[in-house]
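Two complexes are shown next, each including chain A; its partner changes from chain B in the first to chain C in the second.
And then the complex of A and B:
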């Protein structure tokens, strides 16, 4: 159809609103309540425009176009209507722009400049709203609120957790939470972006800079494998805040709180600031040259003495592609075979048959094309908060979700079925779904009924395996059973991984059994667990926190104690590093280097250095390059390095089937005693997030109690918990019951340094009665 | 005079099923069921009767019903018994003296639009009396099999659920009512989509006023022509007018549309306080005020009142004698809208308070002439710029009071007191 705006003709489609057409053709219409990803409420009345044939100006955001419609965004009627709205909005708005963080990027300020009057006709008292402390992440100045309800609609529609609502009515209407400190969803920070004024602001950023003094750099989230796009705002070479960079395929216009506030960890006090070397049992600072030379010498000695089998090389999959690629290259050049990134795993029997690179199995935006998505071993809300948004969208389009985890998952969307099973039960359950023999009696009949009714092979099904499966002592068995089941229901197979770059770690051969692109190695090395368990004589740890990033931190300590050389490429000085390191090389965090990540749908995303590191801190890839160079290899520049990686992977077909067939049916795992596992808590997932002060102050960040299943809790009468984990005796008063756990289960909520995490991530314990 | 909604009022036990049955109660409903009268036929009859909505807007009821799409999806009927418009108290009495007429009307309307579920939303203040009476009547109707599953063994299902409000005037606005029934905060929705297409729980829904629905059974029983012919002086049908304010005997009067206002005034015993008629708000506080002289020449039907620059509205007739201070009345009306605005749209949220505060300032003796211009200007900024009609309802009285009684406002400002004694 044809419509006219300011006498110019435009084509429009049935069902489009005036504002959509105007936005498409860059015709400015002021607005506050309208947001393209939220429902239309037309309450602010800022977008009123003059439409021929209408007595009064009409809201452009809610008025549908009609053939031949004549709209004017400039006429006196439009201007007067918009001016009157502006006048109403300003009568009760405080004039505190000079002390408001929103100043300079305030939509009200912008429009006011254009439409506002230079004096006020309002002579009455202005409204004042009392503020309450609603969150450690969001500061409120509700007197500034213009009641556009974007924040409320965000909660209702996007995050599906209503944290802010409207109270009272008329002039006294206010935005508030019903309970104090109630805002703690994993996506709450988006309300800061949505709020057009300074009512909801970024609390940690508060008063730290004026917006016009900031510069902006684009980054990719290092905190999960979704790869959200982020703009970091920088003041004096310091990141002061983060906001979403729009990417319709990935994070749309949203960001999880973890991605928004995680960067604070970079500024932790325990950053490694200088290279260090141990001399006479004392760790002393030294210069870079000495550190590198000593490391090189030691490595060359190992090489010459043919003792490289005693070297374990471990790197975190939170590292950039460039670091991962160079890491395996450097140590392979020396002749090392023990190379791995899978430090949180225990059972590696699956590895020969595993896909070259695990992906989600579909593009993130295509999740909604599935009839059924079966989530195994993952709590999306807690572990991949940004994905919740997509899943809510998919659910609105009729995708059904089924969740099977070790704790019945508390999700923002509504899984049709949410089961909590122990690891031994999981296999029985999956096998029953495939073969319909040996029906587990701990699951209600109606659950099976529902599953069989909806999950059928003629539907579009997706099975997603979460990172918790990787921590299981019987992961291979579960993968095997899932595999059988996926064949039965003709499902696509996908993964969600522990860190932001596991996909690249696999693809780039940071593995004991594969070179880049899945090529076989000549001689297979030890896997991550074996390297620790066998107590090797020499270790390289790259970007790893020995206390928290392993399957069993006790074993790590044992290994560090007995080894001869412990080298840490690290950004942070942890207690274990301080105690056991022989060489410490302070390296950049994600933000201080150029880099790239491959997200879980297989998208390669590169970014440029966001801030410069402190003087004595070097970029990780440079240090690795240096090691290569002094042994006679060509010197890489960042570009030549990145190009080599890109050339390597560009021919690799991302869409290759994730599905795989395990050659041998694994033995059945027998569960003795109590099943114990560690939850992947939102703000515990990586070393940077663990150090974000603001995130640690949230309710989620503070969780530390040990959780007991109801049966264990009710039979346990002592005021403290005492149990045996392997050969360790653990005593704790911090425990409570959790209904969402299966029988005979105990869960650790955190694995921060100093918290309750002890021993293996999964396994068995005995409670002392 | 023919009475419809108020027919039972003068009887013993007016609300009882027995009384209703002696007055041809449920015969229309039985006629429909026995003769299998089609939905379209009923809608046509209502259309032909010229029945207009009695909740305020006066929209043609039959036409409204005909907007319901013909489809298999769930549909709903909602009876609007939120009656909160100042000056209006007719639904209150229908609920307490003739509840079965409402039930029968709801049944017929539900049948006509294909709704199997109907709600009656009563304002919270009706808890003590009307709520109980209506529930008791509903129970009786259920027992007799007029309502429920398999109605009178015909296989037809219509269930009626009463809902109790919580004291917000704005919930009387039809889309706010839908939100409230859905369990949400009562705030009007933007239209389109209209409720007939996307209403309660996003399904086609018709909302009608209590009086409108209570009128329906007799129209079906006696025919469209009969109903039309009840009107006089070019009016069609009947309407209840709630006479209040400066009258000797305030009451509800169900009279032919077209009845001269002077007759109505006489029926309510004439002007009280031994005074003369000064002004009338003929259709609830939301409509413009009319000067007494003009009103005495006006008949009570939609067109005549429109000619007097006001609206028939809900039929709440507020009479004011010469001892009444117009400044105070307007301040009181403004306070009502200030208190009742739901707060979602900017002009209404901010503007209603502004109006009230200026008027209060005048009452306190601090007003200036400029305030009067300011009042007019602000009312002009609100008018036509809001989501629902409450914004207009707050603006229109301001304009009409200033228009008709400017001198009185000026006097108050100059002398810091009212022009009239009292």
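And then the complex of A and C:
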């Protein structure tokens, strides 16, 4: 149909609103309550426009276009309406812009300047709202609120966790949370962006800069494999805040709190600031030249003495593609084969049959095309908060979710079935789904009934395997059973991985058995677990926190104790590094280097350096390049390096990737004793997030207690918990029961219990009675 | 059904709330909030507590804030303890023109409380924010415990209140 705005003709579709058309053609209409991803409420009245034939101006956000409609955004009637609305909105607004952080980027300020009047007729007292401290991430100044209700609708519609509501009415109306409740959700920061005024503001950023003094650089989230697009705001070469960069395919206009506040970890006190070398049992600072030369010498000695089998090279999949690629290249060039990134895994029997790289099996935006999505070993809300938004959208379009995890998942969407199973039960359960033999008796009949009724091979099904499965001592068995089941129900098969760049780590051959693009290695090296368990005499750790980034931190300490050379390329000086390192090379974090990540859909996303590192800290890829160069290879520039990687991967066809078959796995694993596992807590997942002060102050960040399943808890009568984990005796008073755990299960919420590390991430324990 | 305080949810209340739920489609759980709150408030001396709100939210499987919004919006819900008898004096246009303000002043003085307060002996609660109660033809009017008393005079008011002493 044809409509006219300010006498110009535009084509519009049935069902579109005036504001949608105006936005499409860049005709500005002021608004407060309207947001393209939220429902329409038309309660602020700022978008009033003059429509021919209507006596009064109409709200553009809620008025549907009609053929031949003539709209004016300039006429006296529109202007009048805008002025009056603005005057009403300012009646109770404190006009405290000089002390408000929103100043300079405030929609109220902008609209008032452009459409408001220069004086007000209002002489009476203004309303004042008393603020409560509701979150370590969001500061509230509710007197500034104009009741647009965007924050409420965000909670209701996008996050499906309504934390703020509109209380009372009339002049007493205020936005608040439920009595004594805080804002705790993993997506809460989005309300800061949505709030058009300074009522909800970024607390850690508060009073640290004025918006017009900031510069903006684009980055990619380093905290999960979704790859959300982020704008970092920089003041004096320091990141002061992060906001979402719109990407309709990935994060839309949202950002998880982890992505928004995680960067704080860059500014942790324990950053490595200088290269260091151990001399006479003491770690002393040295210059870069000495550090690199010593490392190079040691490596060449190993090479000449043909002892490279005793070198373990481990890198974190949180590193950039460039670092990952160069890492395997450098150490392969020396002749090393023990190269791996899978430091949190234990069981590697699956690796020969594995696809070239793990992917989600579909694009993120296509999740809603599935009838059934079966989530195994993942709690989306806690581990991939930004995906929650997609899954809620999918659920609204009738996708059903089934969740099977070690703790029944508390999700923002509503899984049709949410099962909590131990790792031994998981295999039995999956096998029963495939073969219908040996029915597990711990699952209610009606659950099976439901599953068989809805998950059928003529439906569009997706199985998603979460990162917790990788930690299992019997992950191959589980993968095999899942693979079988996926064939049976004709499902797409996908993964969600531990870190932001696991996909690239596989694709670029940071593996003991494969080169880039999945090509076979002649002589297969040791996997990450073997490297640690076998106590090699030389280690290279890249971007890894030895205390928290491994399947078993006790074993890591044992290995570091006995080895002859421990080299750490690291951004942080952890206690283990301080104690056991022979060479420390301080390298950039994600923000201090150019880089790229491949997200779980297989999208390659590059970004430019966001801030410059401190003087003695070098860019990771440069250090690796340096090592190559002094051994006679060509010197890369960042661009030649990135191009080489891009050329390598551009022909790789993601779509064929996931069609694979795991070879049969006989059931080997038998569960005795109590099953224990480590939960992947949202704010504990990587070394940068672990150091984000604000995130650690949230409710989720503070979770430390050991969780006991109900049966264990009720049979446990002592005031403290004492149990044997392998040969370690663990005692703790901090524990509570958790009804979402399967029987006979203990879960750790942190890598530490008091000062002791938890040891293996998964396994068994015995409680002392 | 943990966290649901059974003091408020005895069998009778539950079956009443179940009946309310039946009136609305399954995916419109919030629709049952108002009526359920009325029942719960009645059983709790005319006011709601945090505990009641939390329990109802759990029972209906909605968020606590959803229930709290309703409880704070409507003037028929009280979120603080109130007296046994509720007096609502209409002060809207028709009643105002017929001297409702005098009536209200008189009651305030007689009971020694202001609008929104409860007498010390807990007998009367003088409700605030009263708008037209749809009895303009009998203005000025008031309600005591939701029953209308019309064409009020000061003497009449005294008599009515005596009945509740």
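Please note the rule applied: the second predicted complex is superposed on the first by the 755 of 769 C-alpha atoms of A that agree within 3 Å, B and C clash if a C-alpha of one lies under 4 Å from a C-alpha of the other, contacts with A are read in each partner's own complex, and residues count from 1 in each chain.
In this section, contacts are C-beta pairs under 8 Å (C-beta built on N, C-alpha and C of every residue); 3 or more make two chains touch, one makes a residue touch a chain.
Model, not experiment: these values are computed from the prediction.
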Sharing chain A, do chain B and chain C clash or fit in the superposition?
clash
Is A:169 touching anything from chain B or chain C once the two structures are fitted on A? First, second, both or neither.
both
Go through the superposed model and pick first if A:92 touches only chain B, second if only chain C, both, or neither.
first
Quick one: is A:55 in contact with chain B, with chain C, with both, or with neither? Answer first, second, both or neither.
first
Looking at A:452, would you say it contacts chain B, chain C, both, or neither? Reply first, second, both or neither.
neither
Can A:178 be said to touch chain B (first), chain C (second), both, or neither?
second
Of chain B and chain C, which one touches more of chain A's residues?
B
On chain A, which stretch or stretches are contacted by chain B in one complex as well as by chain C in the other?
165-166, 168-170
Using the touch rule from the top, collect the residues of chain B that touch chain A in their complex.
168, 170, 185, 187, 190, 192, 338-347, 349-354, 357-358, 361, 374, 381, 383-387
Spell out the residues on chain A that touch chain B in their complex, using ranges where they run on.
40-46, 48, 55-57, 59, 62, 64, 81, 84-85, 87-89, 91-92, 121-122, 124-125, 146-147, 149, 165-166, 168-173
Enumerate the contact residues on chain C facing chain A in the complex.
2, 50, 53, 63-66, 68-69, 72-73, 129
Could you list, by residue number, the parts of chain A that touch chain C in their complex?
161-170, 177-181, 739
